[in-house]
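Shared between the two complexes below is subunit A, which has subunit B as its partner in the first and subunit C in the second.
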Partner chain A sequence: MAELIAKTPCEGLLPLTVGGVSLTEENPGVMTVVAPFRGREAALAQAMRAAHGVAFPAPNRSAVRAGARAIWFGRGQALLVGPEPDPSLAEHAALTDQSDAWALVRIEGERVEDVLARLVPVDLRVRLFKRGHTARTLIGHMAGSVTRVGPRAFQLIVFRSMAATLVHEVRTAMEAIAARGVLEG
Partner chain B sequence: MRIPCPICGERDRREFYYKGAAVALDRPGPDAGEAAWDAYVYLRENPAGRTRELWYHEGGCGAWLVVTRDTVSHEIFGAELAGEADV
Partner chain C sequence: MRVAGKGLLAGARPVTFSFDGVRYRGLEGDTLASALLANGVRLVGRSFKYHRPRGVLTAGSEEPNALLTIGRGAGQEPNVRATVQEIYDGLEARSQNRWPSLGFDLLSVNDLAAPFLGAGFYYKTFMWPKSFWEKVYEPLIRRSAGLGALSREANPDRYEKAFAFCDVLVIGGGPAGLMAALAAGRAGADVILADEDARMGGRALAESWEIGGRSAHLWVDDVLAELAAMENVRLMPRTCVVGAYDQGTYGALERVGQHLPRSGSARPVECFWRIVARRAVLAAGALERPVAFRNNDRPGIMMAGAVRAYLNRWGVAPGRRVAVFGNNDDAHRTARDLVAAGVHVAGLIDSRHDAPRARDFRVWRGAVVCDSAGRKGLENITIRTARGKEKLQADCLAMSGGWNPSVHLACHMNGRPVWRRDIAAFVPLPGAVPGLEAVGAANGAFSTAACLREGAEAGARAAEALGFGAAVPDLPEAEDDPCRIAPLWSVPGRGRAWLDFQNDVTVKDVKQAAAENFRSVEHMKRYTTQGMATDQGKNSNVAALAVLADATGRSIPETGTTTFRPPYSPVSIAALGAGAQGKGFAPERFSTSHAASVEHGAPMIEAGLWYRPSYFPKPGETHWRQSCDREVRMVREAVGVCDVSTLGKIDLQGPDVGAFLDFVYTNTFSTLKVGRVRYGLMLREDGFVMDDGTCARLGENRWLMTTTTAAAGEVMRHLEWVHQALRPDLDLRFVSVTEQWAQFAVAGPKARELLNGLLDAPLAQADWPFMACGAVSVLGVRGRLFRISFSGEQGYEIAVPARFGDSLFRELVARAEALGGGPYGMEALNVLRIEKGFITHAEIHGRTTAYDIGMQGMVSEKKDCIGKTLSQRAGLMDPDRERLVGLKPVGAVKQITAGAHLFNRGEAPVRVNDQGYVTSVGFSPTLGHMIGLAFLRRGPERIGEVVRLVDHLRGIDTECEVVNPVFYDPEGGRMRG
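What follows is the complex of A and B.
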C-alpha cells in the first residue's frame, strides 16, 4: 500500500530572505470560503461573531481574533482561516472547504512596500492600506489576495498551483529592490 | 486608465477584463423575431464618444460592471454593478 506524504504548497521553496525582506510559508490550518445566502448577511455576521469572534468582513477588510482570521475574499465571499467552521454558519451561508486550494505566504521587512509595489497595482503604503486592510487584486499576473498583517508585514494568497510562480515573482522583486539598495548605499 | 469598482474602489485597468458594449443586458425575448436577434448577436455600434460597456473585475472582486467610457479620450465617467444597471 502506497503511503501518501502531505506536502505544503511552498515546500522546498521557502523560507527565503533577500535584502532584509523575508518570505515564509504559513500553514494556517483550515480554510473555508463563506458565502452568505441572499438576505442572510446579518444573521451570518452574528453567527460568525458568536462562534469565532470575528464578523463577516466588509469589502477590503479583514479581522483576526484568537487564531481565527476572516478575510474579505470577493463579492459576497469571505475566507475563514484557522478554525474548523462552526456548523451554525451553514444555516446562513454556503461553506466550501478550500484548505488545500491556496498557498499562503507572509512577506516582512523594512522595504516590503517597495517589493510589493513592483507586483501589486494597489497602493499598499501604510497611510492608505492599514493593518487589517485587504484587497483582491493582482500579484504579478496572478489573481490573489493581499492583506496587511503588521507595520512591515503582509499576507499573500494565491492558488496553490501557482505557489512556485509566486515565489519566483516575489524573489525577483526582492532581488531588484535589494540591488537598488546597494546602489543607493 | 482606472475604473471605479463599486465594491473595491478605484482600481487599475489591468485588474479588469473587457467584454464589449453592454448590449448583453438587453437580450430580446425568444419571440422578438429574426431582426431583433440578428441585431443583438451581430450588430454593434462603433461610437466615437461616450459608450456603455461590460467589464469583469477578474483580478478583483469578481463583479460584472457597466462602465461608461469615452472611446476618444478614454475618460471613465462611472461604473455600476451590472445586476443593478438600467438597461
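What follows is the complex of A and C.
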C-alpha cells in the first residue's frame, strides 16, 4: 500500500549558520488561526485560557504556556501554535488549520538584530521589542510575522511557498554582516 | 608636497595607487585628493562644458571638480569625488571627460568657442528642425558634455539596505555633533552619530586650534573613546545623511567597502540606511564659498579652509608659494597656519579696507584678485587695488568668500532658510523639520566655543524632551573669535568668472538670465544649469543668487534660494536598489509539485510570483506544441494531472457567510446546499468583472472560495474592504488557506478510475455528481475532493495538507501514466479551457462586464451585489459593445493571434474601423485547427459571419469565422458524465 510522505517547508534548505547567526526550521506542531466572531472576544479569551493556558493576545503581543503559543496575527486574529485547538474554542471563533501554510524558522545569534535590520523595517531594539512582542510586517520582500523569542532569538514566519526566498534573503543578510564582522574585527 | 611634522598621519602605512596609469605613493588615511596633492598632481579633471583644466577645489564631499572613475571592468564606478575616496593598495583611478588624454583634451576647443556657449545657447541654437533635437543634437551634446560612464555591464558588487532606530540622531561628528552625542549619550538615550567622513572630528581635524588646552584632534579622540564605550551610542563613520523625510525618517548612505579593494566577498560596497529618530541634531557644519573672479577655476585655486585641512590633517601643502584671498578673518588663519608650517605665503589679499594686519606676511587691504594665469595650473594672480593692478607669483591661491551653513537637511521639508546679515549667510528656519535642531556652524555659530556650547545644549535638550534626565556636559575651553566678514560675491571686471565650477556657469550667464527676464531664482537655475550638477550647487548657490539679486536690483532674502531636495550628496542607484538584483527582485513562490515538475523536465513559467510548469516534454518531443497537443489529447482520452494549488483559496466561517457571498458575488450562494460547489462571478464597484471562481459549501457555516491565481491577493483585499467598511454587520471571519492545501486537478475519462486507486473509500457515482464536494481520505490522509472541471472533461480537484503535496503529486502522476495519462502544464490547460470557452484574466482583463462575456444572466435580479448598479449604466449594456465570441480560421492563412484586431471585410484595417480584438488563442488538437476567443462589436449577433483579422505587429492579415465561444462539447455531457 502506498503512503503519502510529509515534507516540511524548509526541507533541504536548513539549517544554516553564517557568522555566528543560525537559521533553523522549527517544528511547530499544529497551527490554527483563531478569529473570534462578532462580540465573542471575551468569551474566546476565557475559553483559550481555560483550555490552553494562554489568553487571546493583544495586538503585537504573544503568549506562551506549556507548549502552547498564541501569536497576534493581524486584525482580530491569533495564531495558536502547538496544540490541537480545543473544541470549545469553535463556539466563539472561526478556527482554520494552518499547520501546512507557513514556514516557521528560528534565527538566533549574537548579531541577529543586525541581520534582521537588513530585512525588517520595524524597531526591534530589545528595550522596545521585548521577548514575546510580535509584528506582522515585511521580511525582505515578503509579508510575514516576526516575534522575539529570546534576547538573541527571533521567530520568523512566511508563506510556505516562499521558504526558499526566505532562506535566500536571510542568508544574503547574514553573509553581509559576517563580512563586515571580519572587517571590524 | 608633504610638510615634515605636519598632519595626523605620522607613522601611517604607505599605500600605492595609480592615477591615469601612473603609480603614486600615499599614506593610509589619505583621500585620493590629499594623496594626489602630496604628489604634486594639480590637474585632475576637465570641466563639464568648456573642458577647462580643473584641480581639487575642496577637501570634502562638496567637491565639484575632482571627479574620477575608480576601478575597471563591470564594477567601475564613475564620478567618485577624490576628496571622499580613501586610498588603498592597488586603487586605480582615472580622469573623466577628456579625449584623448587629460593633459591634451581635444574638446577644450569648446573653451575657445565660449562666447557662443553661454546660458541658453542650446535652447536657442538647436531649435530647428524640431525632430533633430532628440535624434541628433541631444545625443551629440550629451557626448561632448559629460561626466564619467558606467561599464554598461551588470554590476558584480553587492550593495545593501538597512533600517536603524534611535532616540537621537546626530548628523555630523565635528565639535558640535560630538558634544550633542555626548550629552544625549550620557543621559542614556539611544544615539546614532553619523558622519560622512572616515574619521570623525570635522573641522577639529583640519584646524590648528586647541580644545580644552590640547590639540583639538586629541580632544576628539577622547570624546570618541567615551562614546564608543557607551552601549547606547552607535558611531557611524563614512555615513552621509542625505535626506530628511516625514515622521523623523532620515536616509543615509554608508560607504562600507568603498575604501577597500573589491575582494569579491559578501561585503557590500555601500549600505543605504533608513534611520528613524525621535529627535535629530543637525551639526553638519558649513561649506566655504568661492569668490567669482576672472579665471578663478584654474588648478591650484582652492578653498582656504581646504588648504588648512590638507595642511593640518594630511600634512600636505597644496603649493610652494601660496597666496590667500578673502573677505573675512577666517581666511587669515590659512596664511598663519601656512607660515607656521614653513610654507611660503606670497601674501594675503583682503577685500576689506579694515582687514587685520599681520607680521609674517604681506596683507593687501581693500584689494581683490581680478585675474589668474597659468596653462594647466596656477602660475600667477593679478591683484587690483586702489592704486592699480599688479601681478603676484603663486602656484596656489586659497580663497574664502565666507561660509555657508549646511542648511540642506533642515530644508528638505520645504522650509526656506533665513538670511542673516551679520554673517552674510542663510541659516535654518527653526522647526522646519519637526524634531530637528540645527547647531554649530550649520546654525551659523562659527566659533569653536559656540559650536561646543550649542551642540551640548541641543543634545541635552533632545534627550530631556524624550524623558531622559540630561545634563549639559562641561564645556572645554576653545577659541571664540567673532565672525567678521564683508560680503564679496564677485569681482567686477571683464572675462569669465566662475560661480558653478562643475556646470561651467559664470557670473555673465546669471546676468544674461536676468537680462532675458529669467528673474526668479528657480528660472535662473534652470536656464543656466547653475546648481544642477552632482554637487547640487553646494559651492555656488548662494553666490549665484547674490549675483542675481544684484542684477535684478533686489536683496538676497527677497531673491531667495532654490528648493533644497534630497539627496544632500550623490547616492548610487545600486544602493537604492540594493537587494533587488537577480533573485532579490521578487519573492519566488514554489508549489509543492515544483521539484517533481522540474524532474520531469518541465520549463517553469512565472504566474505572478508563482512558478508553474509550462508543459512536460517526453523523449522525442522537440517543440512545445508537440507536448501540448499530446497533453490535451491525454486529458480528452485518458486522464491528466495538474497542480492547481496556486489558485487563491479562502476559508469563510460564520452564520452570515451566505449573506456575505450574496453581496460579493453576482449570483446567489446562500441557497447552495452543503456538499455542493457553485461557479461565481465578482464585480468591482464600478460594475466591471473583477474575478471568477468556484465557491464550495463545506458545512452549514463553512465555505471555501477559490479565486484565480492572478487575483488571489486582490480578492482577499476586496473581501476585507467589503467586510470592514461596507458590511461590518455580518458575522463572519475569513482566512486565506491557499498555502495550507496542495490541490491537483485530475481530469479525463479515467479520472475516477485513477482516484479510486488512491481514496480509502471508492467514489460512488451517485454521491459525487458534477459540482459535488466533500471530505475524503487519501491514503490515510484527510483530504478534500471537489467535482469541478476547467477542462470540460470529467474532472476532480483533490486537496491534501501541503506537507503531502509532493508525495501526492508523484503518486497521481505515476498512476495516471499507468492509465495512459500523465501530468499536463499551463499550455495544455489553456487549450483545454479555450476549447470549452472558459474565461481567464485574458478575457476579464478589467475592461469587460458580465454582459460582455455573456454572463449577464448570472447577475441575479433578486438581490443587490457589489457593482450591480453601476454595471447597469446604459453604456455598459449597449449591444454595440465588444462582446465575447469564438473564432476559427477560414481562408488560406490558418492563423489566429492574440492581440490581433478585427475588422469588417472590405474595410481598411485602421483604428476607426476597429471591430474588436483577440484575447486567447491556441491550436486545438481536438478540432485540428487554431481557435480563439475574441471581443467583437455585437459579437453574439454575428455568429457565422466572416471577419478580417489583422495583426499589425506580426504582419498577419487573414479572415476568420465568428463562432460560439464553446468549441467543444457545448452541452457539457462529458463534464457531467
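Just so we're on the same page, the second predicted complex is superposed on the first by the 182 of 185 C-alpha atoms of A that agree within 3 Å, B and C clash if a C-alpha of one lies under 4 Å from a C-alpha of the other, contacts with A are read in each partner's own complex, and residues count from 1 in each chain.
Definition applied: a contact is a pair of C-beta atoms (placed from the backbone, for glycine too) under 8 Å apart; a residue touches a chain by one contact, two chains touch by 3 or more.
Just so we're clear, the structure is a prediction, and the values are computed from it rather than from any experiment.
Chemist: A:A93 contacts which: subunit B (first), subunit C (second), both, neither?
Modeler: A:A93: touches subunit C, not subunit B.
Chemist: I'd like to know which partner A:R136 touches here: subunit B for first, subunit C for second, both or neither.
Modeler: first
Chemist: Give the label of whichever partner, subunit B or subunit C, reaches more residues of subunit A.
Modeler: C
Chemist: Which partner chains sit in contact with A:V126 here, subunit B, subunit C, both or neither? Use first/second/both/neither.
Modeler: A:V126: touches no partner chain.
Chemist: Of the partners subunit B and subunit C, which touch A:I5 in the superposed model: first, second, both, neither?
Modeler: In the superposed model, A:I5 contacts subunit C only, not subunit B.
Chemist: So in the superposed three-chain picture, is A:A42 touching just subunit B, just subunit C, both, or none of them (first/second/both/neither)?
Modeler: A:A42 sits against neither subunit B nor subunit C.
Chemist: Contacts for A:A58 in the overlay, against subunit B (first) and subunit C (second): which applies, first, second, both or neither?
Modeler: neither
Chemist: When the two structures are overlaid on chain A, which partner does A:A50 contact: first (subunit B), second (subunit C), both, or neither?
Modeler: Once the two structures are laid over each other on A, A:A50 reaches no partner at all.
Chemist: Per the definitions at the top, what is the overlap between the subunit A residues touching subunit B and those touching subunit C?
Modeler: On subunit A, the residues that contact subunit B in one structure and subunit C in the other are 121-122.
Chemist: Please name which positions on subunit A make contact with subunit B in the complex.
Modeler: For subunit A paired with subunit B, touching residues are 59-60, 74-75, 121-122, 135-138, 143.
Chemist: Using the touch rule from the top, collect the residues of subunit C that touch subunit A in their complex.
Modeler: Going by the criterion above, the answer is residues 158, 160-165, 190, 256-257, 260, 265-268, 274, 276, 579, 583-584, 586-592, 610, 651, 653-655, 731-741, 758, 778-781, 800-808, 811.
Chemist: Hey, which residues of subunit A end up touching subunit C in the complex?
Modeler: The touching residues are 1-9, 33, 35-38, 76-77, 93-102, 117-118, 120-123, 125, 127, 140-142, 159-165, 168-169, 172-173, 175-176, 178-180, 183.
Chemist: Hey, which residues of subunit B end up touching subunit A in the complex?
Modeler: Against subunit A, subunit B makes touches at 7-9, 11-12, 14-15, 58-63.
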